[in-house]
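Before anything else, here is the set of structures, which you'll find just below.
Here come two complexes built around chain A, the first alongside chain B, the second alongside chain C.
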Partner chain A sequence: MSAENRAQETRGQGDKETRRGTPTMSEANGTMNIATRDDVAAWLDGLSRDLTLIAPKAVEDRVLYRPVAGSAEIAFDFGKADLPAKEYFLPSTHVLFSVEKDKEGLRVEEPSLEEGRVLFGLRPCDARALRVLDALFLKEPVDPYYAERRERTTLIGLACREMGEECFCTSLGLAPDDASDVDLMLTEVGGGRQEEGKGYAVQVVTAKGEAILGNLRLREIAGALPEPAVREKTPVLEAEAWSRYFDHAFWARLADRCLSCRLCTYVCPTCRCFDVRDYETPNRGVERLQAWDSCMAENYRRIAGGHDPRPTKAQRLRNRFYCKFCYYPQDFGPIACVGCGRCIARCPVNVDVVEVLQNVATL
Partner chain B sequence: MIDKIRAKARELLESGQVHCFIGYEEGTRGKVRPAFIYEPQDADRLIWDERCTYNLVTYLHQFQSAPNPRPGGVRETPPPVGILVKPCDSRSLNVLFHEEQVEREGVYVVGLTCQGVKVNGQPQARCQRCAERVPLVYDLVLGGVPKTVGREDYADVVKLEGLSPGERLAFWTKEFDRCIRCYACRQACPACYCFECVAEQLDPPWMGIAIDLPQKQFFHVMRAYHLAGRCSGCNACEEACPMGIPLSLLNRKIAREVEALFGYKAGQDAQTPPPLATFKKEEELSL
Partner chain C sequence: MAVNPYRPYLGTLVGVRDLATDIKMFQVALDGPEESAGFTYWPGQFAFVSAFGVGEAPFGLASTLDRGSVLEFAVNRVGTVTSALHRLGEGDVVGVRGPFGNWFPMDEMRDKHIILLGGGIGGAPLRPVIHTVLDHRADYGKLTILWAARLPSLLIFTDEFDDWRAAPNTALHVTVDQGDEAWTGNVGLITELLEKVAPSPENAVTITCGPPIMIKFTLLTLEKLGFARDQMFVTLEAKMKCGIGKCGRCNLGEKFVCTDGPVFSYAEISQFLESF
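On to the complex of A and B.
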């Protein structure tokens, strides 16, 4: 079965041309299509019978995107998942193929990818991050694994009502209720955080989204989508302007306190470096593994012979910011930061990208 | 108190006794962060309050010169630095002095008496267990006379030991499953200073690059063993962990074993060798 056919099957019947980017729903005539939370839960339960449902789930005191058996496991009231949904498109570990030897000879096996998936509760920043990754992985030569996973997954977005403490998505050109990167957008309306009277306004963004709408009960009511609360933006320098500050002493001083751990890159929805290595399997075969790597790691740039062209942590930390705001936009188009603020929230030593952007603007 | 710290840092920098003073400063969003002061006039950035949880001793490694790789080669003497240490940090400092990672003469230690620090406004369990309120090593000590002293009762370790092996395995599997192999724990740890960690060594590939449960378990158990008799309970690892894994529980389990077997607590002084790093002739070996 070709990738295209498989994708068609995943989308199901009623697949129409993509309507990404066009005005959706009934915004023009001032009405919204509302579904109650119970109806959304029942609808997700229905979807989970045929598709893998991935949704925010409480894991100890964290909220993580996890495959769930049904809506009962979903953490509906959450701010932002502690880790992005990146791992479902660029898994932290992925066996590309394995080679086993038996009497017949060599056998090469390629593990099959996951079947159709629905990702519920994707925040606009995490959805935009996928668009950022698309710019690299879907550009020729296309990464077939990423492309397949992307194709087989329908994204159900959940608009933010407000910006979280460390969020700065608006500085990167997004809005907390940005619907442009998902297939279906849900916005909480009415009832505040209470269960009663709470519902979701449903916007169909793409044909892929429309295809999974199925029998979700929608009620048309008058009204407009609530405006999310936003904060002042942080100015972000143009990609070209960054080269002026490459040799500035600022980076060494900033890096003094950097621990050179991989935390910021592994909680980042757009950091995408990986390593590929071969390992022996228990049956004396071999498997080729792809796993996340991090430019913050001390051995990241070490090459044959032991030379490291980026040996200091100041060079490594500078590279992370240049990669996001200078190199990636120059090479692939989008800025490789969506303002989710996870690195700010989690950095053990308060390396704060918003502060860095402010500081660089005044160097 | 803050004035005294700033004055001392300024004096050390002005006199050239140190080229950098490592302390704490106000960060963004109400956070405190490590500060590196190179100029006397910047000493006013230094602060000290109960949010100052970081163990700054970790940063001494970056001021050390790499050892000369040639046989018999000597390490260049690095320029001296000044550092603020709490009692818990001073234990880490003793560990590094003993292991000859940092030269005593190369560090000017400003010790601070401490009644405990807070993370997000919460008093820390480790502070309630801390038996020291005055640093164990310092050139100058600042702060009032401490009122209370904590006591380590290993209550949480005892509770975990009460579980069956199966239950303990389930507990740690659940905890380590959340690990993302970011190594923040290791990087924040003053006692983890290998040039190349077993976890990242590519040849031989002890662990490999996969970020799966076996690698996560291997890494944390390996790290805990490497810290046996060396971990001084500063909790920097746990505070750095983005996934809330209770790493101190593992480290303190081993600390308790070491204390029970050898009557040894890490970092009490810079002379007594840790039991796992020494050998006595009368020791019985059951090899």
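On to the complex of A and C.
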């Protein structure tokens, strides 16, 4: 394929989706609403009295989104959490319902879900990933558990100043400071002009975000949001263009080194395959559980009786990439990759999605 | 919470009987009268049946609404859920979630000749088609049923064979891969039987259901007999966890067996990226 064609092919599935957050009035005036870190911390402490506050937290040598008691536990200075925030909307395991047996027979009970939550420090890629999951879980018939968790959570985004080592969000039509998928967006601005340490520019993106702004102390200052540093984009083929490479030997070569370990799936903010299983509780009740699954697993497609339409590792690895870039966009709209690069960082044998995209573009 | 598509209805087993070796017919009456009245479905659709404590699995509905509100499922004991179901008996409570998926084009099949090809337990989702045709006999053309199993002891719905044979404008042809001492019928693959019966493609529709390998070769044979790909329908089986296009298990390329199928024309499956 010629470079010119490739450019056409790669034009935007992702780009179409890109939209910067609604500029606030002040932004249009060349001003920003700034809150100091201390004020943000005090505001979050206030929110945490009524709502569950989930925020980046240092856990051993990792940074993870975790419920925190207050702002003192928050890791404000972090690049990207080691795991996405997916688990707060699609938990790794959760109860769909339980079945209890009593005198009158079997009784099916649905669990009550968490109360209101605020998720602070969501990076634009992880926020976009929720939009990607919305396209599937909020499509009719709606997944009521996902919808409830989503509804009850207000997202406070935190713009990235630069792209991390494995990041390639810009290739998927995002930007490190993309505010379009959160309710409130915070952007770190240089501390020099402020009297008390670092500050954040606060953008209201949705009414839901505005509703939690409360008494956060904001100071209007002149200036524009800092532009994040970005790198060159990797071309991404249009969904329909992938089908012609389906039978290419590339996939078998790539799969030679795949260990089917499924780490890529577990760290992925958009992988959503799930299993459903019954668990007998000690008091002879039954819980039906939904749990994360991975299409990379052996026997994933095997049916009782033995037939397996996807028996080889190459077929399974290909399915993961095709799901993200070819099937999901056709079925649900968005590309199921946000360029967070966690799979690249975690893969023990260096299966690299950017390399795959580059290779496929030249097949 | 809104309507919960993961939550099954409760139903009571009102009948359990042997159909063939390791294959039982389960008759389920949904417990709530509203649920029972609301469970409307068409031939070809499927539902999940739960053995609580073990899990749930999808099964093609083997019954029709025309013949009553009791749901029927033919279950082959091959895995953990089916084994648990086989341990249940009359009066036991199961869960039922559905109906899901698309259905056979019964309306478009009106006035056409219908050729059904069922292999083993794959005959189960064809039974509602047979019942519909027999119950509305004047609406459809000739019904030709080709019924196959590996062994005579694995043939299902043998107790209905006489009814099918006796129905007007209806023919039943049975074959087994391997006979036994009592077997006097055809021996051989369903494709051989099909070539022998050689139904005309003129104004006809075929539906094939069985193991994937049987479906693949049956379609080839039908094509050889002159059937066009949009005259041939299949119903596919896949591992599924949700039935509503979310869990990701049953995709064939960008298609989901649960929501785009399980009924597909040969014209459709020829376009699939992945083989079933």
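What we mean here is this: the second predicted complex is superposed on the first by the 332 of 363 C-alpha atoms of A that agree within 3 Å, B and C clash if a C-alpha of one lies under 4 Å from a C-alpha of the other, contacts with A are read in each partner's own complex, and residues count from 1 in each chain.
In this text, a residue touches a chain if its C-beta (ideal position, glycine included) is under 8 Å from a C-beta of that chain, and two chains touch if they have at least 3 such contacts.
Keep in mind the model is a prediction, meaning the values are calculated, not measured.
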{"item": "Partners on chain A (chain B, chain C) - clash or fit", "value": "fit"}
{"item": "Contacts of A:V59 with chain B and chain C, given as first, second, both or neither", "value": "first"}
{"item": "Partner chain(s) touched by A:R131 [first = chain B, second = chain C, both, neither]", "value": "neither"}
{"item": "Contacts of A:D293 with chain B and chain C, given as first, second, both or neither", "value": "both"}
{"item": "Contacts of A:F97 with chain B and chain C, given as first, second, both or neither", "value": "second"}
{"item": "Partner chain in contact with A:C261 - chain B first, chain C second, else both or neither", "value": "first"}
{"item": "Partner chain in contact with A:D275 - chain B first, chain C second, else both or neither", "value": "both"}
{"item": "Contacts of A:H248 with chain B and chain C, given as first, second, both or neither", "value": "neither"}
{"item": "Which superposed partner A:E166 touches (first chain B, second chain C, both, neither)", "value": "first"}
{"item": "Minimum C-alpha separation between chain B and chain C after superposing on chain A, in Å", "value": "6"}
{"item": "Interface residues of chain A shared between complexes with chain B and chain C", "value": "275, 277, 293"}
{"item": "Chain B residues within the chain A interface of the complex", "value": "27-29, 31-36, 54, 58-59, 62, 174, 178, 180-184, 186-188, 196, 200, 202, 205, 208-212, 239-240, 242-244"}
{"item": "Contact footprint of chain A on chain C as seen in their complex", "value": "1-8, 10, 50, 52-57, 76, 78-82, 93, 95, 211-212, 237-239, 241-242, 244-249, 251-254, 256, 273-276"}
{"item": "In the complex with chain B, residue positions of chain A that touch it", "value": "59-62, 64, 82-83, 92-93, 165-166, 253, 256-257, 259-263, 265-267, 275, 277, 279, 289, 291-294, 297-299, 313, 344, 346, 348-350, 352, 354-355"}
{"item": "Residues on chain A engaged by chain C in the complex (per definition of touch)", "value": "96-97, 99, 105-106, 108, 110, 113, 136-137, 139, 141-145, 147-148, 243, 246, 272-278, 280, 286, 288, 290, 293, 295, 300-305, 307, 309-310, 315, 319, 322-323, 326-327, 330-331"}
